[in-house]
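Here's the structure we're looking at; comments come further down.
In this document, chain identifiers A, B, C and D correspond to the written order of the chains, with residue numbering beginning at 1 in each.
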Amino acid sequence: MTTTLSRALTTALHHALETDPKVLVMGQDVGGLGGVFRVTDGLQKDFGPDRVIDTPIAEAGIVGTAIGLAQRGYRPVCEIQFDGFVYPAFNQIVSQLAKMHARTGGAITLPVVIRIPVSGGIGAVEHHSESNEAYFAHTAGLRVVAAATPQDAHWLLRQAIESDDPVIFFEPKCRYWSKGEVADGPDLPMHAARTVRPGGDLTLLTWGSMVETCLAAAAAAEEEGHDLEVVDLRSLAPIDVEALVGAVGRTGRAVVVHEAPVTGGLGGEVAASLAERCFDRLEAPVRRVGGFDVPYPAARLESHYRPDLDRVLDAVDRTLAY
Amino acid sequence: MTTTLSRALTTALHHALETDPKVLVMGQDVGGLGGVFRVTDGLQKDFGPDRVIDTPIAEAGIVGTAIGLAQRGYRPVCEIQFDGFVYPAFNQIVSQLAKMHARTGGAITLPVVIRIPVSGGIGAVEHHSESNEAYFAHTAGLRVVAAATPQDAHWLLRQAIESDDPVIFFEPKCRYWSKGEVADGPDLPMHAARTVRPGGDLTLLTWGSMVETCLAAAAAAEEEGHDLEVVDLRSLAPIDVEALVGAVGRTGRAVVVHEAPVTGGLGGEVAASLAERCFDRLEAPVRRVGGFDVPYPAARLESHYRPDLDRVLDAVDRTLAY
Amino acid sequence: METYVLLGADGRLSDEPAARDVTPELCRGLYRDMVLARRLDSEAYSLQRQGELGLWLQCLGQEAAQVGSIRAIRDDDPVFPSYRDHAAALCRGIGPEALLAQWRGVRQSGWDPAEHRFGVYTLVLAAQLLHAVGYAMGVQRDGTDEVVLAYFGDGSSSEGEANEAFNWAATVNAPVVFFCQNNQWAISTPTSRQFGAPLHRRAAGFGLATELVDGNDVLAVHAATRRAAETVRRGGGPALVEATTYRMAGHSTSDDPTRYRTEAELDHWRARDPIDRLRTLLDREGWADEAFHADLDAEADALGAETRRVCRAMPDPDPSTMFDHVLPGGSPVLAAQRDGYAAYLASFEDAS
Amino acid sequence: METYVLLGADGRLSDEPAARDVTPELCRGLYRDMVLARRLDSEAYSLQRQGELGLWLQCLGQEAAQVGSIRAIRDDDPVFPSYRDHAAALCRGIGPEALLAQWRGVRQSGWDPAEHRFGVYTLVLAAQLLHAVGYAMGVQRDGTDEVVLAYFGDGSSSEGEANEAFNWAATVNAPVVFFCQNNQWAISTPTSRQFGAPLHRRAAGFGLATELVDGNDVLAVHAATRRAAETVRRGGGPALVEATTYRMAGHSTSDDPTRYRTEAELDHWRARDPIDRLRTLLDREGWADEAFHADLDAEADALGAETRRVCRAMPDPDPSTMFDHVLPGGSPVLAAQRDGYAAYLASFEDAS
């Protein structure tokens, strides 16, 4: 079935609500409005306001009550309206959601999913274009995934809801309206990286909104005779390190691409792991392409802030030329 | 003057309160009690409750009102009681404190210092031993420093208070009672890394609570004929990359040591930068020694969680043997 | 608590004592402020529709709440706004260029807060309320008598930070007036799903002095805010004014309000339009002549024209500005990134 | 609002209607609970002083607030405690091993919440209040009639999350009773620096049903909590009980309360000891004979002995347990870390 990434999420939520009476959807404006990105469109009509819950504007409250609901046996899927509005919930996520299973010696499991529309590229005002995956990926006790395609949006979300792990689920908002195929079943487990495009000269490692950019860069590089591999990490915590090591072990060259500021970003983790694990195979340093160490700029500058085809190719060229 | 790290902080605060009427100290129990670690001991007596402010228990409130006070021309030094209690303030720190200067095009400066007792090693209960520097170091717009000695505790804090930047100031709580010399003036600017011990065979890169551990490891390694260099990063954002590159460029081998979970930790940033910048000089992969990807464990296990001399030496041996 | 009204929906003044303070000058001034604000708002809306702005959040319908309140405080009283407070901003001399820049995406904020004693917009709900309290603590320490005014919405009141601000202010007796524009909606969420008891009651529970006022009655808002501000100024402790009003437009230009509210509800509020209401009074009392209205029309037209002109004239910022003002103390890492990016951009020019 | 009292500081029952429900059995039961709790508390304190526990937070003086409230709800009513609620925990069958494990540092929590319908302690202030509300929303959805009881302290009430919980509960009409042990202090901070108006008033402002009760009067606490719980159970919406009590010990074994409070204040509260007060009633009414007291002493001694024994017997956990239960779904990265660390540890054994 061909559908948009946004619609692929909606059908995943619909399926989960339909098959498991314990699944709940909750967040600001997820009901009658269907969410500001319409991902929950129609769900309240079909499942009622007790299962598709319009919450007060209180992000700590959303995650905190979801934790309580999960302790009662429910499986809440929370929507945070925009990436920049997850911080009021940070305490509940980092100290409660992430740690509860471990601190109770496994007595409490919290199958809570937190959906976060993430990253830029839609010309939004401030606080609406943050790429904050590194905060969560560094937090032990969370599973963090990033969907880049309708197929992953649908199946990763279903897997996330079915999983007993607390999952931070990132949706690249600039890709909500992109279309793609959704297969009848998942092709990969939640934790696996995917080789989106095979290639022998260099591996581009990326996720979320940048997967498409990297594919475009690979296509452009092909015209210049370079055969780039593109790997979508999908799972940002835990990272499928073995798959990355395997890929870069073959090509010997790698560039990591993400939207978040490079410094302290998850690209550092990827680059450091590869530099350690592929030390003897690397023919050039692992370069990172990402946002600058500045607050996400005003919309008219975002094309300069976000990595684009040219900036990716620039890093690719340097790496190939090394 | 020889004094404890804790006392070196107290005298720095005392000096700041004395010389600049705009400096305020605020936090939970900082007044009559002098803070749970007694860092603010005696300050309220000397400067009164309007300048050394016992606040309600509301961390967002502490940082949020500090932002307002700074807009009014004050220079608040906030105390967060323990590392694990900074998260309720995360929204104010990440979206307001860090971004205000940039989002107002420089119209507003926020000379706010947030002091956070950090890391483990004191046998505390949960949420009292977090090493959460990576969250802040990844946040553009913040300066992040970590003191490891009385000298740095005193002078870094004075520099932080004098600086117009918002500064996250980490104090290694297991070192509060360690003594050391405090000189009559600062020997380094706030952003500079320090070579704590010179050495030619391998560079240990570390900060905060682990500086002492690394020095002990270097001393032990010396007995086996290895000449280890120890570099204290001091500034975690921005990192003094050139100094690190210089050091590792000379030794050709490096191990990064910190208490936080390795995955997504700041060690990844350091290792990735070195692997990129010292690619041709590195004779072995940059190894990282840190906490495991688990919530900080119960006190009786913390000696297994925190890097110690043996774990550092293990990584050193592997790196030297590579 | 009864809603305080001075000028009924029918445009008649009540016999409240405060009605005696209502002068023709006051009414003409408030009327002018509201009319100009509405014009700016509708011009900005059109500009968004033409693609000149990325987004716009209209203050349509809330002019009385904003104008009435900001005109009730002193010019040197600092204000911490939310993001829909264009009418209030205009009263503080913030012009269309400054007001539109953020929404055009050329800057993250439009004006210097110190110059206008009016903070930048805060898009993260309720964060500004704590800043206002902190600022007010500064006022206390300085021993001056400014009153801090902080705007927020009904929906924002559910955030933990809003409640920390109420409690903190009450605890330290901060000179702040919290002003809630309860416009009935937070995007698609009605107040019934936002709180279980009226906000003004909650505020009283925190120990704040409270006013509940008809937010579409600019005279009542003015009188109530003045009362609240004067109590605060005299050291009587913080206050909260809840103004009942209505967001006549969608939440933003991205919103589709027909998905969640009815035409009947809109009609109900159309009949309570704050500008029409004051106009009725002006007309009945003969407090504004034709010349006044003609001048005002001309002024509004000029403002509209200026709004269109300055909006279209705003150039895209230079990419290097992205690196400015990140850390006042500067950073070699950032300087390297700025220079590296400049060199990278230059490499394209060299190539072409 | 007047403080509700049934048993005066002099140990006399008031003529309140609820006093008629006071039976000798009830009093003996509550007395026993309080005496046992105090013994456990003091044993744990001693164990900490001997270095057997890393830390202990005493509930000394707050036994009536805890016992009275938890005995007023049903055994299947879920409880979300704070961290000082040992008397309540004991009433739910949580024994000394489970209660001390966390403070000895061998586990992060002591018991299975589902088994005791008593959550694990929450050290991050106020976080548990939102969990309680969420759990109560689950109760609503299940259509059952449990009432959720959530404990917190006066200081915790300043946190944004506490206020989000009050507001959220009121908005969704969640079946929850918030129970505040207002023990006058939050470490060194008195309530006068924590809020500007009494908490029960704030709670009413949020739309919660409220009770203000003498927290050292176990009978009043029992009656007030029962009243609140029954309102909630009947669907009357959430409630908040504020119990006025006193933390007789330091905040924790790391605290030095002489730095911030006076001996006179302690004396005032010593005269209001909740156990003595009920003892006076039991004695005057002849509701407990010598045998009862002898049995109770023996039971307390046995509990004390058991506490010392199980505490000292708790072994250090195996390092590998650190890696258990991080993610229910498991993780290859974590498994590799666990195996790597085991191999590392084994390398020492091989070496020696």
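As a working rule, a residue touches a chain if its C-beta (ideal position, glycine included) is under 8 Å from a C-beta of that chain, and two chains touch if they have at least 3 such contacts.
Computed from a prediction, not measured in an experiment: that's the story for all the values here.
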Fewest hops from chain A to chain B - one hop per pair of touching chains: 1
Taking each chain's C-alpha mean as its centre, the one farthest from chain C: D
Of B-D and B-C, pair with higher C-beta contact tally: B-C
Distance from chain C to chain B - Cα centre to Cα centre, in angstrom: 40
Chain centre separation in whole Å, for chain C relative to chain A (CA means): 36
Centre-to-centre distance between chain D and chain C (centres being mean Cα positions), rounded to whole Å: 45
Multi-chain contact residues (two or more partners), chain B: 55-56, 58, 60-61, 84, 87-88, 91, 95, 99, 102-103, 126-127, 140-141, 238-239, 263, 292-295
For chain C, residues contacting two or more additional chains: 107-108, 124, 158-161, 164, 167-168, 171, 193-195, 326, 331, 333-334
Category of the chain touch graph - line, ring, star, complete, other: complete
Chain B partner contacts - residues on chain D that touch it in the complex: 54-55, 102-108, 123-125, 155-156, 158-161, 186-189, 193-195, 254, 256, 259-260, 316-317, 319, 321-323, 326, 331, 333-334, 337, 341, 344, 348
Complex interface listing, chain B residues touching chain D: 28-29, 31-34, 36, 54-61, 84-85, 87-88, 123-128, 263, 292-295, 297-301, 304-305, 310-311, 314
Touching residues on chain D, where the partner in the complex is chain A: 80, 107-109, 112-114, 119-120, 124, 127, 129-142, 160-161, 164-165, 167-168, 171, 324-329, 331-334
Residue ranges of chain B touching chain C (in the complex, touch as defined): 50, 55-56, 58, 60-61, 63-74, 76, 88, 91-92, 95-96, 99, 101-109, 140-141, 143, 163-165, 190-191, 238-239, 241-242
Chain B partner contacts - residues on chain A that touch it in the complex: 60, 84, 87-88, 90-91, 94-95, 98-99, 102-103, 126-127, 134-135, 137-141, 237-239, 260-261, 263-269, 271-273, 275-277, 279, 282, 284-288, 292-295, 322
